[in-house]
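The first chain written gets the first letter, and so on, giving A, B, C and D; residue counts start at 1 in each chain.
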């Protein structure tokens, strides 16, 4: 057991940190100006394209993807880089082409796509020529149970016909999101986890209708394509658009979940670190009643508590990454659940306190804190609410506790 | 000691509840439609005017105001009515002409205004012909200390000249907000609490410049006039616009604070009750893993915890109201601080849990929860952050503890 | 609605407070000396008898009991007196003859006893010539469900035969505890809540065996008769010892619970107040790093938080008392559950913080804090653990929420 | 970075676990019987000696000590073994000769003792022929600041004369505790951290007086020698008893602290694991209202939360051990503080919940939970209360935050 990153990781993480520090964060106001100037658009703003070019030139590109198409990093190696992108979640992940949901979609295409599917969709995604959406969650059913899916995918000759309604399809408001991966049932009568399939639906297929944008605490998340409700009204796509085979949808979703959850947690740590850095600066600079806020007991405690939580949870995230790398995602399920539960709520608490240190500025557009809060808050819901994961983790623990002979 | 409201209160509260239940809440979607249809406007929408007419006809008008100009209710009598308006904070308070900051401004004019000032500004406010703003908080100074005020009010012959910059002037984006009450220093060399004065500045006075709108999380609070940053560039107003005398500003602010805080807490209880009602309905209706959410342990506990907190904090608010009525606002300072600290954070926690019960819908525009959360979150900052009040209350407690002879 | 106690209550509470302040608390060390000098005894020490005589002379006697046998106080009137006794829970309740479990047992005899039973047992209890125990909880069954009782009470001619095992019979280690009220099943085949009966079993009846003393966090609570495990091995008592009729046991238990719970909560508030007073004195006196602890942020916050919690929970207790007085214990069930849940845990937190302020002295015999902590900790378990009450309260809330028309 | 223990560690930890599982825990009731049978004794009971022989034979002896005198393990290697001993803190640490305060005292003698001191005191300690005490904390001064020490050590020819009063000298009630390491001031006028020295005072030196035993909650901790108040009334010892030089006391204390704190945290994790195991068994076995406790939501959540906290905090402890091994105790100060704060309070919460799951049995002598609770509770005070460490850690964080260019 030892706790130092290897040289590759340290070098890459340092490069990423310098880039975020010197290039990304200073341009955050530019992004805001461009968003304010064109309030009716959902596509990427020019600054994103510029940053992408610079990140790619700096060798900070597609680092999330293991194997030859990507940078070949392990989860453990990617972790500190992903964390750095969490410092500026509106810009850094897209700049590095490491933003959800594209990352998960690229993984799906990489692991399960046919060569033709990869050529048509994975390559432009890796090159950032298009974006994508993942259409899984549905209104009106508890999304924490994938077997509830109501969308149908029916075979009809050489085509499939997709019918249903999805929401919280992140990024789908962006007209550049050219391809949607849609989860639906091909066989509602199959055994529970063989009913679902995944299929590629081009945005411009007849019958695809982006109905409306959902907001998150008032934010439309326009900078990264928003969150759409999407109707699929008898959409016909070629049979070759099916990903893997009929009935493989649940397995693909599960495979997609592990990396998705750990990436979210890695970035969330970065958001927590940024909140702590902002809180620290404010506490050192702001004077009230004759002393800096940092010289007053309770804020000093908040700073200490934030540091302790970030350190211990980072270790749990890193160990989870290491387990995924060494024993596989499936055997790391308990740890993945643990970080999915523990990290977002800890970072939410840190953000809430950072807001409190900033006062009115903290809830406004003058700091990134309120928007970070909204983003982290959704992580406690996305992909199953905390309570579902706690119940599942608790059940596993109750079944398999470490045995020890009890005193009589 | 007894815990039943008097007949007047019960009758009025019941009438208010029926009105909110039957007339206000069902029109919330109408307000949203009108807001969506005119995204660039900050004024009241037609539905507000309609509701006001109906509320006035129902005898639910200016109930906040003690004395002859208002309904003559005590704080204790007004409390349950204010709570009911908290169920629909975008519409009910304005419908009843009981919305901040107009309430506080009307109180100031009522208690400290000259007959001329009252005729010019109080009467149209009581009739809801205009709205108003209160310009106190400034960027760049810790607003929890009123002595930090940087705005200057200088006598110049028959006029005063106001120079400074304010922010978080709630309602000031609304062009109907015709009058601003501005706090500034007339004599920076006077003793600490005699430096400040308050003055009436009409919106259309030359030099008044509404600079920008601030957001709360992602909400612009357009429905009630937003939150403005306002610049006063050497604004000249007649000397008769001064409220009370030079140096009275701090005392007026203090007088305004008590009712303001308790009104916020009363409404916050209503927000908490609505969250609990929504959470309850959802928990009863939503099925996951074969049982309703309400049949599952942890959400049942949340519901119970919410009920316990709302009951105990309501009693603390009511006792505070009773103290204000019987011994005066000044002697109720500890209790006012206590509810200012305790109520918003409890309601924030209830809202956070209600959101969790709703999942993704909870953070979106499809329930009122996220917007209520944002609103309640600001109460922990507005008018002094919790920590300032905790420190003050703790200090008072340390000085004056109940004496008891210690065991040796 | 108003929040002032009546004159009788104020006068009595002031008298009780003076007595506890001047007479009881200063003798706490005397009790400890007497306990240390006779480590093998479970009976009352001389100081208790002396204090009782003085309390009786001061008119502070049997105040808990409504009606002619007692002081005729309502629950609301008794509340502040009971709170005062909580400042010194080892001595004040027994000094006033208001200590559990005698209070509950006297209520049972008062409300359900025959004249003969009252003459034989109630009168000496009211005169404090004997003490009593209540034998309800059993090892090995979840005591939160009274229908689980395993003890049998069988009719045999003119006698009943009691067989079973009880534990946590508080006070039963004291040889002066002359009478045990025992709950058992007379008819296991009856409907759920008609199976149980209560019967009077004299301590010296053949077959009664006090097996052992249980400890609470290392304390044997010797000062008030400890907590016994008691075996009833075919104990024969006259049929006239049955309280009320066969099958009435559950109803009597329920009737006993309401006052028992509220008395515990009232005293717990007093324990919280004493902890706060001790913490305050320590924080004012103790200097670390150049300033008193009270001048350092976090302890000042603890003091403020304790004050806020005690104030709001006291109001909830008082309202519950008022409801019991006006609509009856049954209709006050939700409130009784609420205080049963909320008060002990709040006071536990206050005690935990008070201990922290005292450091090592706080966990030792040099302050009363650790023992108060142990006592309050058991209240979260006694009479049903918090979780059972939260589930029950949550269920009631889910069934009966305040109706309001939801926005569509 | 990787997260697997090396082979040596795995083998030793497994051996320790088997020993604790099969040999130590089943004899806990034997220890209790021996304690109950001889209530007036403070020395080790026969079972301890027997277990020591068996542990020594099993190669589980002095594992805490790095270097040739001990097992030569690093902190990282010792960590999982220490954790295992935490499962049975009354017996396992002494059985392995790894119990505080002997461990710290042996380290001091090992690192700073002269060969003569080592021969006289270290060797019998390593052989478990004697025990020892560490006399540092004093009544009436804030022990978190070592410069407050009031005890004096005055040179007088070939001797030193020690005068002062100590308390919380753990183990000192045991007559086998033959040697006391006493901290005192040799030069009150020196610079702050050169005033103190440490000296070896044999228990039987004239003037040494063990005044009384302190209790922790109601426990006297008789099984491991209790906690004594000790008076040193002009105790003369040879000058050769000084450890290192005059003025070295503070540095020795600091060197002793790091390992002491991490050992406590390691064992506390084991206590938390045992509580979780007990809670799990109880939740699986106990039926209430028709289902096991584990099938009811809230207890399942507690189990999950406990697992998450133990996992993340264990990683923080292990990383701290690794830092101590690789960069030294001084550079690991922040991490040592972090675990000192975070571990005990987490384990306290787990124990509190475990108690709740057990109900009345949980607070009694029938489970180890209440005593474990008392033990862990003191860790939040011993060696400086949490608040002192939080303030210190917060201050360090405020000074040295990771720099990042802020958005303007």
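Simple rule for what comes next: a residue touches a chain if its C-beta (ideal position, glycine included) is under 8 Å from a C-beta of that chain, and two chains touch if they have at least 3 such contacts.
Here the structure is a predicted model, which means the values were calculated and not measured.
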Fewest hops from chain A to chain C - one hop per pair of touching chains: 1
Most distant chain from chain C by Cα centroid: A
Where chain B and chain D are represented by their mean Cα positions, the distance between them in whole Å: 53
Chain centre separation in whole Å, for chain C relative to chain B (CA means): 43
Whole-Å gap between the CA centroids of chain A and chain B: 37
Junction residues of chain A - those touching two or more other chains: 296-301, 387, 390-391
Touching residues on chain D, where the partner in the complex is chain B: 296-301
Residue numbers on chain C that touch chain D, as the complex places them: 137, 139, 142-145, 167-168, 214-220, 286-289, 296, 298-299, 355-356, 359-366, 370-371, 373-374, 377-378, 380-382, 385-388, 390-391
In the complex, chain B residues that touch chain C: 1-6, 20-22, 25-26, 28-29, 76, 87, 273-274, 276-278, 280-281, 283-284, 294, 297, 299-308, 311-313, 315-316, 318-319, 322-323, 334-335, 338, 341-342, 368, 387, 390-391, 393-395, 397-398, 401-402, 404-408
